[in-house]
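Below you'll find the structure, written out as structure tokens, and then a few comments.
Chains here go by letter, A, B, C and D, matching the order in which they are written, and residues are numbered from 1 within each.
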């Protein structure tokens, strides 16, 4: 239970951070700032397999396990998409497979980016999250 | 000119005849009477070729030339359709190919059966008339 | 007595939802008994259409702007609504087509390309609508396979003994209608599917006549494909459904190709997208798909308990009344029947009957009903067919019976 | 000055016919620049739809009752209306489909079954929409024929020298778009058809983008096939047209099969009906066909003189304005162009531009526009595309230009 709280603690911090900005413009500017913090996937991992299906823009996603925790690296050719993946990666990266699989990403709605969560959204945020959880699962979340 | 008037004279008689009946019911009863006056096509002419396409009911149509005039015989498995073909046959039969080709069947509208003239009408009255005129044409209307 | 009044009032209220039912035809109030050809549309469906086009209209998929996102969502919700309506396992098993005919053509072409080869057989039945007949005839001739046709009995039911004889190891698929549109027979499709599956054969059900008249549950039936049209279930024209089990749809090649259904297109090669889009090339009938949701909701609001009861009441009343008339010959005497009655009056051609009834404002269908092999079996040119929907009334049936008497009188039987 | 005011007032009046144009998106008035994906529908079209379903609704063909007769008549009138709209010789050369994609699939499948054999070639171009690309790719692979792709120049025009090189005796058909949906190029189709015919090769024109923006005269063009969609010409979704010359349509086998398109069906053999029904199996999208008439009338009432002038004015104004901005790279510089502009801002991904513009209420299309080979040619992931209709305004373009500036600022170019 404690561990999921850690993920939630990060989420709460992010919600707090975004809450200081009123309109969409500032939120998107913050999202763009986020995009710069994304651990960038190495070129060798930019494979067809690591592409997230269902995005209008390209999103490559890679996961590595260190000391039992999953760390993500990613990239996108669209900056807003990159900001979104950076946001989710900041929330999930560094946690155990189990924690990641159990995580509920309530923060995205609270931030005011829920529009990106609809399954038909061309940025495929849902697909990204699904792929991140799949990585976690195959990294040992089946215990 | 005189000959076409003959066809039209028959038409005028028919219009006169029908005008004595007010409602559709009586008109249809008269149409059914007409069906009984149709010179019936001999069984040997009830071929695929002599079928009029575009009728829900079957209509066989045959033409013979005697002394330069065209005579029709026909049959249908539906009695109203048979009445219609009898009506048209009474108008056109016995005239020269040229007269038949030039004939304008204004009487059908005047009688109050114009609904049957729409091209989508399943009884194919238009198709019957077309076929009768085609017979006339091939019987020597090309002069 | 009170109950009858309540039902009558209820029906009057329902009829108000269908503006066309107020029309006069040839100076008589319209009696519409051609529901098996197409049903009328309630206001709710028209409202949905108008609302879509006047407030939401956009093309779907891949658009990032709000309208495109909204409409894509609504279109996918429509798919989900249909999934739940027929209880499919996944919404990607629901393919939008333009109607039953296209659904069957898609299945026949695509299934047979993948699963049917020379020497194989496909089984259909003698009572199939041309739309569930010719596509298989063509598929068989293209794949050098053989089409086998299961006979029907004199009462218009499937000859199940013959059916069982046909179930050989050569058979790759069975295509059979849920309800016969010309005889009213309700086929024992669950049993047929069970027996077919016992021989490892998948089954396609033509549900065009069934979908609006009883609850269809594709998982319970365990059918492999199920096809139906929007316009026969109180929805608009131009929309239909192919339900297919994922395992078959996944393996089948695309049918039409074009926008929206691809992964990657190069001059050398094209790779196709996943279900369901693989089978939905081009701009789909978005407006009609969305309006179909309103039709489903309308049906669900009435409920199948009501619909089935009501339509049984109508068909039984009509059968009883017709029986009191002389010179009526019925075609189709299945024990389990839908609200569809086919008959002839003595030797009167169905066309003549149809014309006279129309003069009295009564719309019936006449002809072979796109089931020529059935007419050939009975050696008749066609029948007069009346088919009911819940909005029809006992009074309309009475008017129809009087109409039949007049036909007989006019045509001197 | 007075003239400008008159035009402005006129446009304001026209806009009232399109209720959706009054919508707010993200607290901004909607600026709809995605007309190449689908156009909006005037009230007149919705009224026609509602009138049909609430007063006339019936299935068509072979029904003898009044409703069936009326609707069959209206449906055939719709065919005649389309014939006269594109000046075809006969109304039976007009086939109703569900859209351009189906029209092309029908033609590709049916034409190639009849006229294309092993070793033959079909020519398309690098700028084709996937809907005029993949069907030919598939047809060629099924017939062991070869697909040849005519190159485009850097300015996004057809490379006519290459085109001429491709015109060998092996070529059985040329399929080319009238207007490119991603580059805005208007192709010299009349010239192409002339040269193709000189070599005895028939030509199919994909008119999806052209039909609403200039008068199309198929006899003058002398094209052998012409395809378009209702939803891109102010009509409903779910309806499209395949025009084909009688001589080809007559010889081509049916595409889909089922009800309404047969002469005689027996278990042994099926014979097919005549044009146009041969190609219209099943219940067609009757309501949409009838509503399409209202769309044609709407266009005719405005007149193509007005439409062409107006849309030229809009596109020229937008091009001028975009030119004043730095960091804009245009794709497609054809001399003769449609009201479609594709561009990128510096290295900004089209998706990012689309998202920000949408926040400002501006609907543009982003991505490959179902023309991946074009994007591959320019080596870009896609473009931002704005496309105009006569109901767009100069003020909307101004708002769009301001929007572009904001995109640049937000995304720090």
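The rule is simple: a residue touches a chain if its C-beta (ideal position, glycine included) is under 8 Å from a C-beta of that chain, and two chains touch if they have at least 3 such contacts.
Every value quoted in this text rests on a predicted model; they were computed, and no experiment measured them.
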| item | value |
| --- | --- |
| Identity of the chain that, by mean CA position, is farthest from chain D | B |
| Chain A and chain C: spacing of chain centres that average the CA atoms, whole Å | 46 |
| Chain centre separation in whole Å, for chain B relative to chain A (CA means) | 80 |
| For chain B paired with chain C, centre-to-centre distance based on mean C-alpha positions, whole Å | 39 |
| Residues of chain B engaged with two or more neighbouring chains | 56, 122-123 |
| Multi-partner residues of chain D (each touching 2 or more other chains) | 26, 62-64, 351, 355, 366-367 |
| Full enumeration of touching chain pairs | A-C, A-D, B-C, B-D, C-D |
| Chain D contact footprint on chain C (complex, rising order) | 19-20, 23, 25-26, 30, 32, 34, 37-38, 40-41, 43, 45-46, 49-50, 53-59, 62-68, 98-102, 104-105, 126, 129-135, 137-138, 147, 149, 229, 231, 236-239, 256-260, 262, 264-267, 270, 281-288, 351, 354-355, 357-358, 362-367, 370, 372-373, 376 |
| Touching residues (chain side chain D, partner chain B) in the complex | 61-64, 69, 72-73, 76, 274 |
| Complex contact set, residues of chain C against chain B | 26, 348-349, 351-352, 355-356, 359, 366-367, 381-382, 410-412 |
| Sites on chain B touched by chain D in the complex | 53, 56, 115, 118-123 |
| Contact footprint of chain C on chain B as seen in their complex | 24-25, 28-29, 32, 56-58, 77-81, 122-123 |
